[in-house]
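Pasting the structures here.
Each of the next two complexes has chain A plus one other chain: chain B in the first, chain C in the second.
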Partner chain A sequence: MSGSLLFQSLVLGVLLGGLYALLAAGLTLYFGVMRVVMIAHSAFLILAAYLAWYFNDQTGWDPLLSLFVTVPLFFAAGVGMQRLLIARLRPATLTMMSVLLTFAVALLIEGMIGLIWSGTQRRIQLPYSGSNVEFFGASIAVVKLVAFVLAGASLGLLYLLLTKSRFGRALRATIQHKEAAQLVGIKTDRVAGLGFGLGLATAAVGGTALALDATIYPSLHWHWVGPLMAIIVVGGLGSVPGTAIAAMVLGIGQSLLQVEFGTTWAQTLFYIALFVTLMVRPQGFFGGRLAQRF
Partner chain B sequence: MPNASDTERTLVAAATAPAGRRVPARAVRMLAFTVCAALILSWPGLAPNPYILSAGVMVASYACTATAWNFMGGFTGYVSLGHAAFFGLGAYGTGVLIRDLDWPPFAAWLAAGVIVVLITVPVGIAALRVRGASFVIVSIAFVLILLLVAQTWQDLTGGSDGLVVPRPFPDLSRPEHHRAFFYLFVALLAVMLLAWWAIDRSRFGTGLKAVREDEDKAQALGVPTRNYKLVAYLISAFFTGLSGGMYALWFGDLDPIFQFSVLLGAYMVLMALLGGVRHLYGPLLGALIVGGALEYFELEFGGTQLHLVAAAVLLGVVVLVTPDGIIPAVRDLVRRFGPQDSSIREMTAAELLAHNRASGRGGPPPDEAPDEAAAPGTGEER
Partner chain C sequence: MSLWKRPTLGLTATLSASVLVLTGCSGTSGGGSDDTVLIGVSLPLTGDFSEPGKGVQRGYESWVEAVNADGGLLGREVELKILDDQSSADRVVQDYEALIAHYEVDLVFGPFSTRLVVPSARVAEEYGMLFVEPAGAADQVFAQGFENLFYAAPAIADDHYDHLAEHILSLPPAERPRTVAVAAMDDPFAQGTAYGLRDRLAEAGLDIVVDEVYPPNTTDFGGIAAKIADSGADVVIGGTQYQDAVNLIVALQQLGYQPQLAAFSTAPTNPEFSEAIGDRTEGILAPTGYTTRAAWPSNVEFVEHYTEMFGGPPAEDEANAYTTGQVVAAAVEAVGCAEQGECQQRLVDWLRENEVDTVVGPLSWDDRGRPQSAHLIQQYVGNEMSIVLPRDAAEAELMHPKPAW
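Now for the complex of A and B:
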């Protein structure tokens, strides 16, 4: 592998890792507030990608503008999902049943996409689709860069929201210790609902970013479920920085392996990392107290 | 009113006198069992055409996988969404052994089951280090990785071109072939049900159920939780692998997308949950309902995605409304409106005392008896 090729795939890996990090942050939010593993996250991701494509197809405007619709829509859907579905499950079996419930939601979304827009592969054609920028000798597709900037900006916004705002503090308190948070007067139910909404909003942003340079089809979300789940386990369930680091490392690793072995075998990296993590450190490499029991 | 009838049952069971009321219940149960078994066994004769017959074989294979899943899911409460991995491994193991090594079909089938167990040991050890959510993640990941491998490793699996498994009975016509495999699947199912029943009554089964109810407490009481879980996982994988191998022998054409499909794993969970994971026949009942519905959807709507939507809605409803399954739900209904409800009242205080003396347990606290007598009344009012 030549030096420039290595650098090129390294840069691509960072770009991919950024998107992974954003999506994994959403998953961590769900898990943090409700101890729910959201299988449907990647289905919502694909749904957002389809909405972006449909928006572009119907209006001819830039798919990024669809964010103004999809982000509030997904936020509301997330709040609704938490309040109407997840909160109804019995606490004793919440973890297992919520997996099944979100799995059902994922299937529903996949089926509905297939019914409405058929199984045909879709792709957004943009004026800047084919163009590249030079970056220290590496040539990067503009769409990938836009996706990365979008993911990075949202991740930064999320970080600011969680650390600086009053709501963010309430959310983090809920994640750390629900009962204690209730004792100091935080309405944890409401916070959990809003946390779910925020999580789904990351799926909206991620999906739009994905739609820019990927061919989409209804069952695509299965390709995302595995890697994302692996990332949150490797990083440690419930740890936002942990998942972000794991996302970056695995994204770069995938990108590097891709050059040598092709896309399919590069994907197995995630699963190998998952199994190694479980054998060596079941609570994840950056997970704390929270991850051990789940 | 579980309280009233439970008490009644223990009293009757504890009494040394022959309990007259139990005999009809057992007879009814035997009769129901015989009728159901006869209905199932006569299905090939009842089916109007080979297509319906093949749908019956499909449902029987669903029943096998759902029951196999229940060895893990029902006893330990660990929901695995990835049992399709074992199904696919069993199917491909059987196919490859027959194709490449020329093994006799059913030797290959058994050997594939053993291979599945051998592969499952390390996976099980890794997966069972974690509980709950992480376990589900690992189980899904296992299917997805096998799907990738099976699609990529064209030399062994044929990739998306498929792998053709030679028929075990080349002389049979198509309907006869379906009929033979229907009985083979039913026989496999019977073996599984027997094994489930035996485990359910064993110390091992009790340990597994303790894990399901409270793993920490079970561990504290000295249940070797890790080994028990692993053995349950291996048994479950073995039977799922055998179902997969049988499917390969029957269907004769394997494609990674269908063998290593998360959807198949989800169907197993759906069937078992719908019927009731804590009950011997729960998965079978669920398979009859869901499998029948799936076949119907395939017939009516063919290639559309509607079956996905239907399965999703059904799974959501089951999880939200009857997470314990329909067997306990129906049993509760019967108990609430059925004749058993008032049975305690048919026993006079003197009879009750005689029963208790006979069992040597002494009478119940005096304030409990009026409660029990009142309980069925409140049940009827609801």
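Now for the complex of A and C:
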């Protein structure tokens, strides 16, 4: 194994980790705020990817511009989904039932995508799809770099929103102790709705970033459910920075393992990390002491 | 997963039970009556293989139309009974059991993909049915000892690249590529194609510098591409289906890797391929068992008829399905029967001994059902695929080394 290959793999791993962090950010929010296991998150990612592709296909403009439509749309859909569906589940069985409910939503979205755009595999064709920039001897694909910057910017915004704004404090209070938050006057139901909307808005950004450098098809979302779940458990459920760190560690780990052991074993890293976390530290490695135990 | 597996299991059990009950008490529900020939097929119309599955369906349907317009089989109208196996190997077994025992079909045609052909061929074998299939090309299909199976295409997966291998090995040593990188999906068909070429090149002394296998659900090809680019191999071989080929090629381009020859199975012959890669397809090679431009007499008719029916020309899956129909029809007309029972063995015996003219050329088989021809090699020239090998069928000169992509 040469040094340049190792460095190239490291660079690819960092880019991959950034994308994973963005894709998983919403999942950890839903669970943190509402104890909801959102199976349909990946389906929404793929839906956003399809919308970005369709936007580019119809207008010929850069798919990133579709964010101006999809982010508000997904936010509204998230608030609506929480208020109309999730909020109606019995609190005692919420976590379990949310799996079934969002599983159904995922199937619905997959079927709908297939109905509208057929099962044909799609890919956004951009003038810079195959271009790269040199970085100390390693090549960085422009599309991967754009996705990484998009991930960094949206996660940074999300972090600022959660730590600096009044809404963010209310949201974090709801995550940490719902009853106590209610006692100090936080309308936790409303916060939960907005939190869910925020999670889906990240799916809009994530799906668009994914679409830049992926071939998409309706059933693609099932491939993402497992790895993303593993990331949020390792990162500590409910913690956005924890998720980002876990995503980065696993992304780099996967990329480096791949060099020596091949793709099949590199992919099992997620599940090994999941098992180890559940055995050794069920509250996750980076979530702090308040993180929810699974 | 067990949370939602259970109800499905229960449902499946109930369904199979009802099929059994129905089979037990009725002999009237199915079966070709005296004036029809009923043909049973199970196809992946939903799930992972739904796209090619629907292609095979269109191929079968166009064959049925053509044969009925021509007076049917043995003067009887042909009718298809198609079940959806949802791309699942368990379902496909149930489907063929139901088709043969419950619907009492007169003939069966094969499903799509090696993974579904093997279990369904076993069912057909148990019932002694002739089993001509359009899509199980991997060597594993023929290693099971099936005696009733015939593959209705020019060549098995391992032989797809035969013409390319011959070309490379015929070059004088100075011009011959020296190093080869291989990446193949963990799938019997995809690996069969790539390893057929890899093994022939390795035997001739070329160096295999990268040999990667990836699971079918792989979406990120950055790592594999980095390995191949780092090796600087002269030839890159992809044992691919569709999305993996597109993702891998783009990832290789992103790393600035420029091989002398780049060969990928399946994907490049797909109409979506050049849309996905854009104008950076130049020089990509792919084997193909079928081209609409081939001058076999029945092919000219098929292309015309198919285009009229579906508004576009047929692709390889459609052609192989149509070929399946032609092969079975040839046997039925020659032997003069189409029903379950000892007729099936006579059909099998006839196909063992005879050659059949089809839309992919004349086909004959060895004693395991392997077809005895080879695939054409196509190359992207000016953003369109042209046949480059073998020389006597070529439409364009093979570009070697290929232009930069």
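The rule is simple: the second predicted complex is superposed on the first by the 280 of 294 C-alpha atoms of A that agree within 3 Å, B and C clash if a C-alpha of one lies under 4 Å from a C-alpha of the other, contacts with A are read in each partner's own complex, and residues count from 1 in each chain.
Note that contacts are C-beta pairs under 8 Å (C-beta built on N, C-alpha and C of every residue); 3 or more make two chains touch, one makes a residue touch a chain.
The structure displayed is predicted, hence computed values, not measured ones.
Participant: Determine, for the superposed arrangement built on chain A, whether chain B and chain C clash or fit.
Facilitator: They clash: once the shared chain is superposed, the two partners overlap in space.
Participant: I'd like to know which partner A:Leu100 touches here: chain B for first, chain C for second, both or neither.
Facilitator: both
Participant: Thinking of the overlay built on chain A, is A:Val37 touched by chain B (first), by chain C (second), by both, or by neither?
Facilitator: A:Val37: touches chain B, not chain C.
Participant: With the two complexes superposed on chain A, say which partner A:Leu274 touches: chain B (first), chain C (second), both, or neither.
Facilitator: Only chain B; A:Leu274 stays clear of chain C.
Participant: Using the touch definition from the top, say if A:Trp265 reaches chain B (first), chain C (second), both or neither.
Facilitator: Touch partner of A:Trp265: chain B, not chain C.
Participant: Between chain B (first) and chain C (second), which, if any, makes contact with A:Val149: first, second, both or neither?
Facilitator: neither
Participant: With both complexes superposed on chain A, which partner does A:Arg88 reach: first (chain B), second (chain C), both or neither?
Facilitator: Touch status of A:Arg88: first partner only.
Participant: Looking at A:Gly119, would you say it contacts chain B, chain C, both, or neither? Reply first, second, both or neither.
Facilitator: A:Gly119: touches chain B and chain C.
Participant: With the two structures laid over each other on chain A, which partner does A:Ser9 touch: chain B (first), chain C (second), both, or neither?
Facilitator: second
Participant: In the overlaid three-chain picture, which partner chain does A:Ala180 touch, first (chain B) or second (chain C), both, or neither?
Facilitator: A:Ala180 contacts neither chain B nor chain C.
Participant: State the stretch of chain B that overlaps chain C in the combined model; pick it from 6-14, 114-122, 186-194 or 258-266.
Facilitator: Answer for the clashing stretch of chain B: 258-266.
Participant: Following superposition on chain A, which residues of chain A contact chain B and also contact chain C?
Facilitator: Shared contact residues on chain A (touching chain B in one complex, chain C in the other): 99-100, 103, 119, 264, 267.
Participant: Touching residues of chain A toward chain C in the complex: what are they?
Facilitator: Of all residues in chain A, those touching chain C are 2, 4-5, 8-9, 12, 15-16, 99-100, 103, 119-123, 125, 129-132, 139, 141, 143-144, 213-215, 217, 219-220, 223, 254-255, 258-259, 262-264, 266-267.
Participant: For the complex, which residues does chain B have touching chain A?
Facilitator: These residues of chain B touch chain A: 77-79, 81, 123, 125-127, 129-134, 136-138, 140-142, 144-145, 148-149, 151-152, 262-263, 266, 269, 273, 304-309, 311-313, 315-316, 319-320, 323.
Participant: Along chain C, where are the residues that touch chain A in the complex?
Facilitator: On the chain C side, the touching residues are 3-4, 47-48, 50-51, 186, 212-215, 217-220, 222-224, 226-227, 229-230, 242-243, 246-247, 250-251, 253-256, 272, 275-278, 280, 405.
Participant: Hey, which residues of chain A end up touching chain B in the complex?
Facilitator: Within the complex, chain A touches chain B at residues 31, 35-37, 39, 85, 88-90, 93, 95-97, 99-101, 103-108, 110-115, 119, 218, 222, 225-226, 229-230, 232-233, 237, 264-265, 267-268, 270-271, 274-275, 278-279, 282, 293-294.
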